[in-house]
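Multiple structures follow.
Note that chain A is present in both complexes that follow, paired respectively with chain B and with chain C.
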Partner chain A sequence: MDSDLIIQILFAAVKTGTPLLFIALGEVICEKSGVLNLGQEGMMLMGAVVGFLAAYSTGSAGLGVLAAMIMGCVMSLIFAVLVLHIGANQVATGLALTIFGTGLSAFIGSGVVGQTIQGFQPIAIPLLSDIPFLGRILFSHDILVYSSFIMTFALIFIVNKTRIGLTLKAVGENPHAANAIGIKVLRVRYLAVMFGGIMAGISGAYMSLVYTPMWVENMTAGRGWIALALVVFASWRVGRIMLGAYLFGLASIMHLVLQGLGWSISPNLLAMLPYVATVIVMVIISADKFKEKLLAPRSLGKSFDPRQMA
Partner chain B sequence: MKLKSLLVGVGLLAGASFVQAEEPLKVGFVYVGPVGDLGWSYEHDMGRKGLEEYFGDKVKTTYVENVPEGADAERVITQLAKAGNDLIFTTSFGFMNPTVKVAKRFPKVKFEHATGYKLSKNLGTYVLRTYEGRYISGVTAGMMTKTNTIGYIGSFPIPEVIRDINAAYMGAKSVNPDVKMKIVWANTWYDPGKETDAANALMDQGVDVMLQHTDSPAPLIAAEKRGLRAIGQASDQSKFAPNAHIFSVRDNWTPYYIKQVQAVMDGTWKPKDFWGGFQDDMLTLASINPNLPKDVRAKIDATLASIKSGEFKPFTGPIKDNKGNIAVPANHSLTDKELAQVNWYVEGITDEIPH
Partner chain C sequence: MIRIQARTEPSSLMKVASPLLAIALTLIFGSILFSAIGKSPSQALHVLLIAPLSDSYNIGEMFVKMGPLLLCAVGLSLCYRANMWNIGAEGQLLAGALGGSAMALYFVNSESALALPITLLAGIASGMIWAAVPTFLKLRFNSNLILTTIMFNYIALYLLIWAVHGPLRDPQGFGFPESAMFSDATLLPTLFESSRIHLGIVFAIIAAFVAWFILSKSHLGFQIRVFGADEPAAKYAGFSGKKLSWVVMLFAGALAGLAGVSETTGPIGQLVPNVSPGYGYSAIIVAYLGRLHPLGAIIAAVFMAVLYMGGDLAQIEMGIPVAVVSMFQGVLLFFLLACDFFINNRLAFSNQATN
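Coming up: the complex of A and B.
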């Protein structure tokens, strides 16, 4: 394998990992606040279709992303009202949101099936893209990929080094204690859920504007579900989400590239690797003595009513 | 005289419409994907619409889309049978066993399963000769390639897909002895993202004309972006890639659906294993790009004509498999039964079939 091919593979891995990175970053923040949102796939599809519609009708990919963010936010608000206000079951509501989003996106997108748009073009960053090897892998992408870099590092900083991060973790670990010291638990959770929705919207827009610039029904093909696995794989650490997303991306690219090269090892095995890793992490998590280290938010999936005491 | 025939005509019309209004034939469809996939399920739904257009009030159709293969399929098919459908089409390979089971429980209902091989008293099967389209695709790709490397995105290594890979390669080889074919398995029928990745992986490795057996138009868009060429699958995908698109091998189910519904109405329906191709208009070459070189276009037309007339059958011996054994003896054309069991690559394909 020559270095050119390796560069192409790693470049593609970053690109393939980017939609997963966006949506998993949103979900990890949501889960850190103690809310499990299984509606990722539905929000992502809505982001994809609305982003495409907006970009198609205005001719501006930027407006497409903006519309997708708003749509993701609206979808997550529906979810937030149901689970945070009315106290509906998070798992059931999330699944319903996915089914709703899948159907609705197919319905509103039916008019633009078969249309194509320009989408975002790659921009090589001056100087940085001249770095040998790394420059071509990391710095010759489109603007959304660069935004995902910035977003990841900003979130690592916010979650680990700021008061906002502490508040978020406090709410996810023990909402009653957080409430007792005066944190508005529901408000924090609302914001976290909305952030998750916005990121899912961007992730969907990335699919329909950059990755495969078109709209066809169900085009995210389960990436929302992979993102949920990715959060567990990363054991709720933001930095590891990035690593995991690129690893998932790399595995799925390698699987295709190696076949083209005629390698004899089973490509199915490679395609399986990220999932095997996820299962292993899940098994470890379910063993109690590791739980502390793995940072699974303790109140994840449980509803909280400020009027009740623990 | 005139008045009389007019009266008779009106009488007949009234009589006919009375019969129609009384009892439309109820026809159910089960799809594996969304009707908006612009590929497999979309074309089946076009067939259903063609049926309604042709028979008008005489038929009443229903469909269920996005049905997972397995236990869910059995539930959906049972529901359609219980709802009084006279004829039910189940349109994916994975619906085979559920259809067989439900057919046993509802002996009065007639069933038709696409791409399967199990028949019973009230269950027939139907398949497209997609390999005919692949052969022409191969001929075209073999003439168009400048790198002598064509690419093929496979879905799953089942006989239908393997058969089509062979047909494409034989087609390419017949016009270009130096041609190589790179095959990548995507392990999905439908995932635009993954299909894009597969297309890019192939193009990174020197492929300049691409064929696919997955259902989304994503590979065509990827080829368009890089100024290379590709052939559409299942439905007319030209609008996604106006320059890259060579033609699409389009599935056309309408003639078959009309024929079978008519047979049920006439009481002549019998379970059969039906294979339809260009000859039956169940395959067509859609939107052949006018930007092709003249000799390529002529070769496409000639190959199509010889397949359509029945004069040429792609799987006619002598054909060797890629281990050097005789797979098809001289002067023999594979029968449909033999075609259904192709699990070998033809000579010249260096890959191995994944297990």
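Coming up: the complex of A and C.
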């Protein structure tokens, strides 16, 4: 392979990994607060369809992203009310959110299947894009990719260096202790879940406005689930999410790599690769029981009822 | 002033009433939605829920859809009772369809009486393998069962698509991604002259009763129930969590595999890419709606099959996209989970303001 092809592949890996990065960043914050939201796939699909519809009707991709963010937030609120207030099972509620989102997105998007729009265009950042090799891989993308860079570094700072991050971790590790020192556990969890929804919305919009600028039923093809695996892969560390997202992006475009090497394998078999890779990675990461227990937020998946406090 | 009070013991009335309440609320939601898109709600609900039961052909088709839903849901009910979050019924169903079809195509020129039983067993075994791998990975490597079973759904889907484009494609099929039609020796017999109701539906109902017997009457079922309700207690009693996990997962895989092979050897008669309109996912809702009880699943599966039939009819008669079915399913599960709140809690009305 020549260096030009390698650059093309890595460029595509970043682009393919970007929706995974957005949604997994949202989920990791949500999980750090102790809430497991399996509704990512549904929120992402709703973000994709609403983002597309808004951009299609207004002609503005920016408004599309905004609409997708609002939609993701609304979807996450349905989940939050059921899980945080009514105390419904997090696993079942998340699944319901995904099934609902899959159906509703197909329903409201049925009129625009196959339509195309003008999505975001790539903008090469002056100077940075001139860096040999890295410049073309990282700095000749669209505005959403750059936003994802900024978002990642902002979250690394917020989670590790600020009071907000500390509060978030306290709520996820031990909600009862957090409650005892005056932290409003449910409020923190609401905000974390909503953040997850907003990020899932952006992620969906990236799919329908940039990645393949159109709406197709079920177009996220399990990326919401892969994002959940990514959080395990990153062992709940924000920084590792970015690396993981690009690695999964690379696995998804493996056909390009193999074509470059002159191999020909059925595209349907190659389509399995990201899912197989996800399983393998999860097995490797989870095999160390002790380590995983140490890293996962301790109250993950458990509901918290302040009324049960003494 | 309304306050929420925890019940000292769960309300048995609400256990039965909450699915009905959830269905009622879903229908209200549906009516509002149909009004919003300018369709007559009464006509839409009629097409969705009444028309599927209006004539004998539609009722037959309803039962055809109920079979795979029930088979998958019965297995999932046992898994969820044992706290094994198997979301992989869809993949296990597809694996069953794929493995069974490979065997059926091996018998494509055969008239052997053993062809059908062997084909069915191949489907069951394929479903079991598809359930066994995530189970092994969970028990041996502690990997997340929800995520691995979901990944296996996608892997099975692409494997099936690959197979119908490649090794299992009908050479005389004009390039369509479909297998050859199966021989009569590997087709499930239908039960009645004028409908497509086949033996697979009988399997499903038998499976529900077998699962009910295991769960309610056997020591194994007792262990599953204790394990699901109170894991430390089950371990203290010396029940093996590993053994129970294997039993429920393999049982679920076998039933989902049977559902898959029953679809290809039953109403479809060949392997096609869209074997399942998401039966494996809908079965999760059927299992919940049936209160994770194998016999409850029968009633829930009938309801869900009506909805599926209604979805098809709504598309044909009113131009409503079929996706409306999975949207209804999601809403139904939301309301069900919300209504379950009242099983363990009740609203207390009092005039005094409380702190």
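Throughout what follows, the second predicted complex is superposed on the first by the 273 of 310 C-alpha atoms of A that agree within 3 Å, B and C clash if a C-alpha of one lies under 4 Å from a C-alpha of the other, contacts with A are read in each partner's own complex, and residues count from 1 in each chain.
Methods note: contacts are C-beta pairs under 8 Å (C-beta built on N, C-alpha and C of every residue); 3 or more make two chains touch, one makes a residue touch a chain.
Being a predicted model, the structure only gives us computed values, none of them experimental.
Contacts of A:Asn37 after superposition: neither chain B nor chain C is touched. After overlaying the two complexes on the shared chain, residue contacts for A:Thr152 are found with neither chain B nor chain C. If you count the residues of chain A touched by chain B and by chain C, you find the higher number for C.
In the superposition on chain A, A:Ala106 contacts both chain B and chain C. In the superposition on chain A, contact of A:Met207 is made with chain B only, not with chain C.
By the touch criterion defined above, A:Glu217 reaches both chain B and chain C. Judged by the touch definition given at the top, the superposed model places A:Val257 against chain B, while chain C stays out of reach. Once chain A of one complex is fitted onto chain A of the other, the partner contacts of A:Thr16 are limited to chain B, with no touch recorded for chain C.
In the superposition on chain A, A:Ile78 contacts chain C only, with no contact to chain B. In the overlay built on the shared chain, the residue A:Gln8 is in contact with chain B alone; chain C does not reach it.
In the superposition on chain A, chain A positions 106, 110, 217, 221-222, 266, 268, 271 are in contact with chain B in one complex as well as with chain C in the other.
The touching residues of chain B, counted against chain A in their complex, run 33-38, 66, 151, 182-188, 190-198, 200-202, 204-205, 207, 216-218, 221-222, 239-241, 350-352, 354-355.
On the side of chain C, the complex with chain A involves touching residues 4, 85, 87, 137, 141-144, 146-148, 150-152, 154-155, 158-159, 161-162, 165-166, 281, 284-285, 288, 321, 323-331, 333-334, 337-338, 340-341. On the side of chain A, the complex with chain B involves touching residues 5, 8, 12, 16, 19, 106, 109-110, 113-116, 207, 211-214, 216-223, 252-253, 256-257, 259-262, 264, 266-268, 271.
Residues 38, 42, 78, 82, 86-89, 91-93, 95-107, 110, 217, 221-222, 225, 228-229, 232, 266, 268-269, 271-272, 275-276, 278-279, 282-283, 286-287, 289, 292, 307 of chain A touch chain C in their complex.
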